[in-house]
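Every chain is named by a letter (A, B and C) in the order it is written, and numbering of its residues begins at 1.
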Amino acid sequence: MIAIGLEGSANKLGVGVISHPAPGKPAQVLSNIRHTFVTPPGEGFLPKDTAKHHRTWVVRLVKEAMTEAGVSINDIDCICYTKGPGMGAPLQSVAVAARMLSLLWQKELVGVNHCVGHIEMGREITGADNPVVLYVSGGNTQVIAYAEQRYRIFGEALDIAVGNCLDRFARTLEISNDPAPGYNIEQLAKKGRALLDLPYAVKGMDCSFSGILASIDILAAELKANPEQRDSITGEVITPADLCFSLQETVFAMLVEITERAMAHVGSNQVLIVGGVGCNERLQDMMGIMARDRGGSVFGMDERFAIDNGIMIAHAGLEAYKTGFTTPLEESTCTQRFRTDEVFVRWRD
Amino acid sequence: MEAQAIHPCAANSDERVLPSIFRHPSAAAPLLITQGAEALLYRSTYLLPSTPCALKYRPSKPYRHPILDARLTKHRILSEARVLVKCRREGVPVPAVYALDEAAGWLMIEWIEGEVVRIRLNEWLKRRKEEDIAEGVDDGELLELMTRVGSAVGRLHAIGVVHGDLTTSNLMLRPRSREVSNGDSETASKMLDGNVVLIDFGLASQSQADEDRAVDLYVLERAFGSTHPRAESLFVEVLREYGRSFKGANVVLKKLEDVRMRGRKRSMLG
Amino acid sequence: MALLQTVRLEHLPYSHEIHIALYRDITNASFLQQQLLDGNTNFEYALIDAGVVVSKIHALAAAYRAVSDLLENRLRSRNVHSEIVFSLSPNNNIAESFRRFGITTSTTSLLIIKVSTPSSPASASEVQAHLTSSIEGEQVPFEDSVLAEMTDVPRVKKIYKLNSGGGGGGAKRNGQVNGGIEGLSVNGVGMRNGDERKELENLVLGAMALRGVTN
């Protein structure tokens, strides 16, 4: 069976075509194309502009994805699109494109939960069987484990997502958004040495990032006003790299901690990191150390699958479609709020 | 605390240097009782071989920056000790604090005899099932336990402390003092007897927020519910007693309804 | 049994035994205090006013803390013996701890602790001989029952700030009707004497462990 997936819940527009051969055989990625709406340094992406970007590019991307996959319309079994969660206007623009394709091609629609898309793609690519999932992106921070037909949320961010915290700090420092603000923070952090004192906000398996962002913004403002400031421990001049380093060390320690707590809770020793922030090598390293200490391992993905993409929507949608799930045209809406644990996971035991 | 000892596993096998308290002699070497994500709990002795104690050790986490690691360990040892001392002073039933070393990452507290409510409750329910007693019949014992739990939690909240992880595994039933067991096998009617002692304050904090208090109750309600449906329905007894336990408790009970509605979790923006 | 007790505390090396003696009706407190003030090296003892000691555990806890800090090289006062006195304190004021817990000219009940260390080992017989020749008073067993007669409980509660707080409050105590809690209040309603003393000990231990951390 073959599905095409359309994703546009944030600033990435992705279209992918996937094939599920016989049961038990690995899925085949036939094409996976993405176009990112990049804003100038210091600016975030606004819903209106992002939606416009998606509308402008979606037809071109669908054509490219079909050509690259080498399939015809007849080969496609269903059209999968992101139902949510995400930013309203971009979600809508992609949902409209999906509906149009459905009518044009006479194919069924499958609305997909974005987070479930990440999780299913992660399991497929890494072979992680039943991991605790850390889902970290610009819009989401969740620790998830599967139980009884649901992906249950054990812990989550109580305010802003970790990726949002990193992105917004990149704006504070006016770091380039190309290819991604978080990527550039990561590169800068590699040169950081001094660990500055930031709030550490973990509460059980939940955490919060807005207080940390406020603190690091203050430190950045102080640094701008007085570039000669020295770290009290090392005696070295504090640099923007130190700020990035301190921010990463702090927020990633929080993420690893809540993940470990969930692992202890459910008795698992596998971790799967999904979402854009999951590409960060320092986060992967820290998670790896923790998992090894527990006698387990961490599964990560490269940017093709960790960052928002169409293929994950196609994959998770096709899993649901194979169990008989479809989304009638009149119900093919999208929603900004769509919790991971709302999805009934019929395709797993 | 729970009887079975879990052997040190992967976390300890790389022979990281243990603090000196583990290296100096004692009548019985510290025995690992439970292993959580952040802390290891040992049974040991304090000052004299005749004084048992619980030793809670927070090993350093190599994944985090050493400065951050030391800061967190210190903060958590001290904050747990502070909360316990405060509780004890104000008459809330918790283990007494004996000693600590926040730099080395350990906290030594009173050893609480007895068993956790989860285990006792399961045994009680099992015994009744074997004896074929219908639900709701003759369960005064269980009702009374619920009342004692509600009172203990109420006292905790009344002094401005929330537990943060209030499950039936963190409620001990301590045998009443100087009641020597007469050697008979425990009867079902005695199984739920004992004084309720709240344990494991690793996630506790000082808070008077109704939201935090309501989440404590919600977590406890879920814990009882997962033990037995009947236990969940009797949870109203916990809440009834809780409602009487301090001024403002009824506001918390109102808040609990909100927390139940949303299942603790907030709606998430994408 | 010898009146001088020698104890190996749990979780301390055998090389750091402690010797403990208890005296009552002391008549030469001024002389003894002066030896400390003069820094007379023959009087390297922790000389504690037994009136502020609740129990054996209370005294041993202070010794444990001081020896531990000695081994970790973090003594805050002159030596391990002054550190024992300081370890009894609920705050970081060293001078105040000496005034409150140490021997004064008016001390009549005296608790003496001597730490034997590898660098200055002291045997029980040596210690006993020196005490016998220097202390004017009656040596009594280091036992809870004997200490209980000496303790000035109101003073202890004042020093450790155990009178405030809701422990003895009325409204919160209704749980006790259900037998929910034992040994809770220092001011114990319906608490047996022994329980009350034990609870006082527990509260004191907590205050010592948190020395300088709270308030």
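FYI, a contact is a pair of C-beta atoms (placed from the backbone, for glycine too) under 8 Å apart; a residue touches a chain by one contact, two chains touch by 3 or more.
Predicted, not measured: the structure shown is a model, and the values here were computed from it.
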- Given the touch definition stated above, what is the smallest step count connecting subunit A to subunit C? 2
- Message: Of the pairs B-C and A-B, which shows more C-beta pairs in contact?
- Response: B-C
- Task: Taking the mean of all protein CA atoms as the centre, name the chain whose own CA mean is closest to it.
- Result: B
- Query: Using the average of all C-alpha atoms in each chain as its centre, how far is it in Å between subunit A and subunit C?
  - Reply: 59
- Message: Based only on mean CA positions, could you tell me how far subunit B sits from subunit C in angstrom?
- Response: 31
- Averaging only over C-alpha atoms, locate the centres of subunit A and subunit B and give their separation in whole Å. 36
- Mind pulling the residue numbers of subunit C that touch at least two other chains? none
- Message: Under the stated contact criterion, what part of subunit A meets subunit B in this complex?
- Response: 9-10, 84-87, 91, 114, 139-140, 142, 153, 156, 158, 195, 197, 200, 203-204, 233, 249-250, 253, 256-257, 260-261, 263-265, 285-287, 289-290, 293-295, 336-339, 341
- Message: Touching residues of subunit B toward subunit C in the complex: what are they?
- Response: 20-21, 24-27, 44-49, 51, 78, 81-82, 84-85, 88-93, 96-101, 110, 144, 147-148, 151-152, 154-155, 158-159, 174, 176-177, 195-196, 244-247
- Residue set of subunit C touching subunit B in the complex reads 7-14, 57, 60-61, 64-65, 68, 71-72, 162, 165-169, 171-175, 178-185, 195, 202-203, 205-207, 209-210, 213-214
- subunit B contacts subunit A in the complex at 9-11, 35-38, 61-65, 67-68, 71-72, 164-165, 203, 205, 265-270
